[in-house]
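Each of the two complexes below includes subunit A, the first together with subunit B, the second together with subunit C.
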Partner chain A sequence: MIHLEKEDTKLMVAVHGWSGILLGLLLYAVVITGMAAVFAEEIGIWSAGHVQTSSAFQRPFDRAVRALGERTPEKYHEGVDLFEVGDRNMGVFFHRHETDASGNLVSRGIYYQLDAQGRVASERSGTGEEVFGPRNDDALSSFLVDTHVRLHLPNPWGLLLTGILGLAMLVAAISGLLIHRHLFKDIFTLRRRANPVLVDRDRHSVAGTWSLPFAFLLAFTGSFFSFFGTVGVPIVAMAAFGGDVQALNDAVFGNPRAVDERPVAVGNLDRIAEDSIRRTGEAPTFLSIEHFGRADSQVTSFHLPGEGGLEPATLLYDGATGRFDRAKPSIGTTPSAGGTLAAIMAPIHFGNFAGLLSKAIWFGLGFAMCYVTLTGLRLWLIRRKEAGRSLDWLERIVGAVGFGLPLGLVASAAAFLISMPVGSAVFWTPAAFLVGFGGALVLACTLRSAAMLDRVLQQATGVVLALLPLLRLATGGPGWTQALTVGQPVIVAMDIACILGGGWMVWRLRRLGVSSGRERRAPILQAAE
Partner chain B sequence: MMALLMPSAAILVTTALIALLAAGDPKRRRSARLPGDGQGKSVRRTLAAFACLPGAVLATMGDAAGFMLWLGGAGVAGWFVALLFAQTGQEPR
Partner chain C sequence: MRLGRGIDMRASARKWIRVGLAGPMAVISALVMMAGMTQWLPGGDAGIDNLVLPLLLVPLLWAGFFFHACLDSRLSRVAILSIGLTMVHAGMVADRFVNSAPGPAQALRP
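== the complex of A and B ==
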């Protein structure tokens, strides 16, 4: 592999170790919630018992949106966003763009949530940040996504922090690649009965090597998303558009067209959705209408990548006539390499380009990266222990975060299942996470040893995880027969995954308890390389 | 659904070859104190090249989604194979 001088290797080891130890725990929190968030949509369906399978865009919605247009003040007709909420119902946000007191560009308007029959179920006024938030039936998936994206810190600090963590992951991946002299030679070497430093080093380097290409990809794309709006857009706007972010958005993402303010009713949205599905093979994930009710209105439909593709599709329609105009690149008006690269960032990061198969693989890669982060932290600690510098307090914190976070997550899922039927899931989902994670921290301070802490936390996580399906059924969630009858096998699959995952955790601990007792009697020590 | 067949088959082929590589890995065998020297360098290089072949085919065909699936799937499968061989090869004696 890459050969470095001794001093350079030492420096790289220090960079690798200290970047990991300083930011590793936060990085672990971002990666583990990202791993779960790969299945955010499925977790939402499973936890809330959603039984609707056809997209809101596959059912008639034109009349409902037209009626909303009539009751909404014209000043909010500048833009209309349509997307799915809850059990495949529709959310409609009539808005205009304005600059707030701090100089930030915001969208202000009225956000309607429709029910399955297209009636207004709720109506809220304010800026996008004020009106969009977790709902009672998506509190769990929203909690996961928000933790992953911004660690629940206010904008822009949360995004900046996760962006920095992404960069730290890149640094760790590059320095890890440089310091590992036998990357391919060691790719299958996992010694279980050797010196603890070797055991942890093997675990860390084998998982790290196999997931290395994706550590680069996911760290890069994650940082890209975090820094895009917080750093990239303001800098480019300042450099090229005199600080006018709206002008940048119009130039880079907009659809330039001659202004025509004559009032003309919007074209048939049902036909537009139908045509976009026919062209892409996928229902839209998002529909955006510019200048609703004007002659220069335009409708853009956004779709996930079609079968076998990696690039999401974006189609442009004439808003007044509903006529198809063209397939639109995600950046600019003509296709470009940069536009394609920007477009594939999201599918590569989210792993949602090939249904459950790509999501399952991305979940596995996320699991490998959690494992790499945690074993890396443990390796750093165990090396110091071997050198006679025991950091018991840090070992306990690593255990509390490493195994307390999963416990907090399954506790939040349990709380969601109990509180959603009574309408208080938005409060109890994060509260239960804090209780679960806080409990882990208390145990870290009170239990006899770090090893016992790890064991107790893993056992508790395994038991709660395995019991989630029972809790779901007990609190009124759809049974397996009903789920299969309405075409939601994902509910059954999630139940099975919880039982198997939780059962495996408990079984593994029991087995490890037996074998570690045996191994203590006959250690095989090998020299650290 | 049909679009997933090729990448799935590619992942399976690669996984099988990775498992062969793991079975004959000299360092793994030595550290697990298994009998025999394992595969020679040329055999391992040939097997590794064949393991990468399905991905190269998908890339040549311009199947970007398939290639990404294969790359990710091979990474996860490789790690699981390494874990599996660690479990089976070093049972306490």
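== the complex of A and C ==
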């Protein structure tokens, strides 16, 4: 328990409330899309019907990359990134680092997408930002991630905004902790038979308190990611390297080695991948080749954290011979406190350090955060109503955003399932979100009451969510038998989750509808704190 | 009456000074401190801790400045700490620019 003076507590209550009110709705948008994005990979597999289960790094790719090296201008051999795209196919980005007209460090080169046979399926030239756009088969997961990361605003404004939202969440979490006079008692207090406002307050308090450490971690890691490239790196590069961002990158991420520009063919990449899988037990998530085709070439393979660990595994190979050099930290050349802390930021934020179990926990805690944000806004509005300052318009906006965003998201999923087979998912996925969310805003202006708005939006969301599996099957997605046969149980699990989630929403509303008439009394209003 | 107005004005001025210290000053202090920490933090075994830790800590630095400005009853203490740390760290960065040509990575290693 933290004891504050009465005045300080009042100030913290104000800080807690206003940090939520000013940025709460945007924060809610970031948290709800982040909650869904925890399963971005699984959503991608489910929505696009991916049936390939072996990694692109487990199939031969050396010959294809070697052939790409021959057709790619040598100026783009400075770095080659290899990673998975689509249904376990390979993306290869030959590039060099350069400074653009605005003074920003960018990667420019040629991005190839290979098909399952290793043939070039597409080829794009430009900077990383230009070539890595959403594709037809990953438009839904890309849309979720892009909304979460930068709310679809251009760089750097989107990242700055989500960084500020992260700080607002940090403030709400810390001030929420400070204003609890009886923290341990509050954690276990759920008065089910009290008046509705007290019940809501208890639920907000319990959900908020239990998810407090999680909220703190997410806010901290999220704001770190948002500010890292936009503010942090330029300032640290200015202070330590006179503004040379590339020098900072080399110092932190580089693998220093004596320069040897003699042309030497790259070592066998298939063998490197095979060896890295043998050593870590996992296929690489990413393979990076520095100085492709030179004697001083180095290959780094990146892997998810091993069992029981938080830090991702990283192995270094001699690029010219393909010989294993050493296991290295993800950041820095030798293990260090800063490197380890920086390396575990991503697993902590994404919740992918223990497979589906940690992802499910992160999803659940994300749901709790959405609940806390929404009920916090509602309680703040009730306090205003109690003080005779009813804000009906704000109540409707909270309802429209709170329940309109989930509606927009399920609408975008439905549109993706329909439009992906005809190749127009990149357009229709965000368009359907706008239609769904826009519809919610229109209803907020036209429906009789905020309560009715909540009900209609939740009903629509539940129905669309429950129908998504049918839509997926109707548009040619793999059936349950096929999915289980090829080893993709995640498709079946996602279908069941949609049916259960949507069914629960509809059932809950029906149950509330029956009980609301006899149980809802005029609330005895109390401060939300 | 005049005394009452004077007290009101002082309270109002104090409130706005606190808002300034918790708002823009907390941001400036956190960013300047991040830049300055690269000069005095040890590099660690990998020689990168002085570069990475300030990047990691900046959200917490900001939160520290923000809550200190909100909760410390003595505004002078908030101002001295905030402005003092900002000046010291800005001085370290300025000293680096004045006394040595910035550039090579090895110059960073403590």
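Going forward, the second predicted complex is superposed on the first by the 515 of 529 C-alpha atoms of A that agree within 3 Å, B and C clash if a C-alpha of one lies under 4 Å from a C-alpha of the other, contacts with A are read in each partner's own complex, and residues count from 1 in each chain.
One rule holds for everything that comes next: contacts are C-beta pairs under 8 Å (C-beta built on N, C-alpha and C of every residue); 3 or more make two chains touch, one makes a residue touch a chain.
This one's a predicted model, so the numbers in the text were calculated from it and none came from an experiment.
Partners subunit B and subunit C, once the complexes are superposed on subunit A, both fit on it without clashing. Judged by the touch definition given at the top, the superposed model places A:247 against subunit C, while subunit B stays out of reach. Of the two partner chains placed by the overlay, neither subunit B nor subunit C lies in contact with A:183.
Contact with subunit C, but none with subunit B, is seen for A:12 once the two complexes are overlaid on the shared chain.
Shared-chain residue A:334: touches subunit C; no touch with subunit B. Note on the composite model: angle subunit B-subunit A-subunit C, taken at the C-alpha centres, equals 90°, rounded to the nearest 10. After overlaying the two complexes on the shared chain, residue contacts for A:206 are found with subunit B alone; subunit C is out of touch. Contacts of A:492 after superposition: neither subunit B nor subunit C is touched. Of all Cα pairs spanning subunit B and subunit C in the superposition, the closest are 20 Å apart.
Common to the subunit B and subunit C interfaces on subunit A is no residue.
Residue ranges on subunit C touching subunit A, taken from their complex, read 31, 34-36, 38-39, 44-56, 58-60, 62-63, 66-67, 70-71, 73, 93, 96-97, 101-105, 108.
Every residue of subunit A that touches subunit C in the complex is listed here, in rising order: 4-5, 8, 11-12, 15, 166-167, 170-171, 174-175, 219-220, 223-224, 227-228, 231-233, 235-236, 238-244, 247-248, 250-252, 329, 331-339, 341-342, 345. Taken together, the subunit A residues at the contact with subunit B in this complex read 185-194, 206-207, 210-214, 305, 307-311, 344, 348, 351, 353-355, 357-358, 361-362, 364-365, 368, 515, 518-519, 522, 524, 526. Interface residues of subunit B, counted against subunit A in their complex, comprise 1-4, 7-8, 21-22, 25, 27-28, 31-33, 63-66, 68-69, 71-73, 75-76, 78-79, 81-83, 85-86, 90, 92-93.
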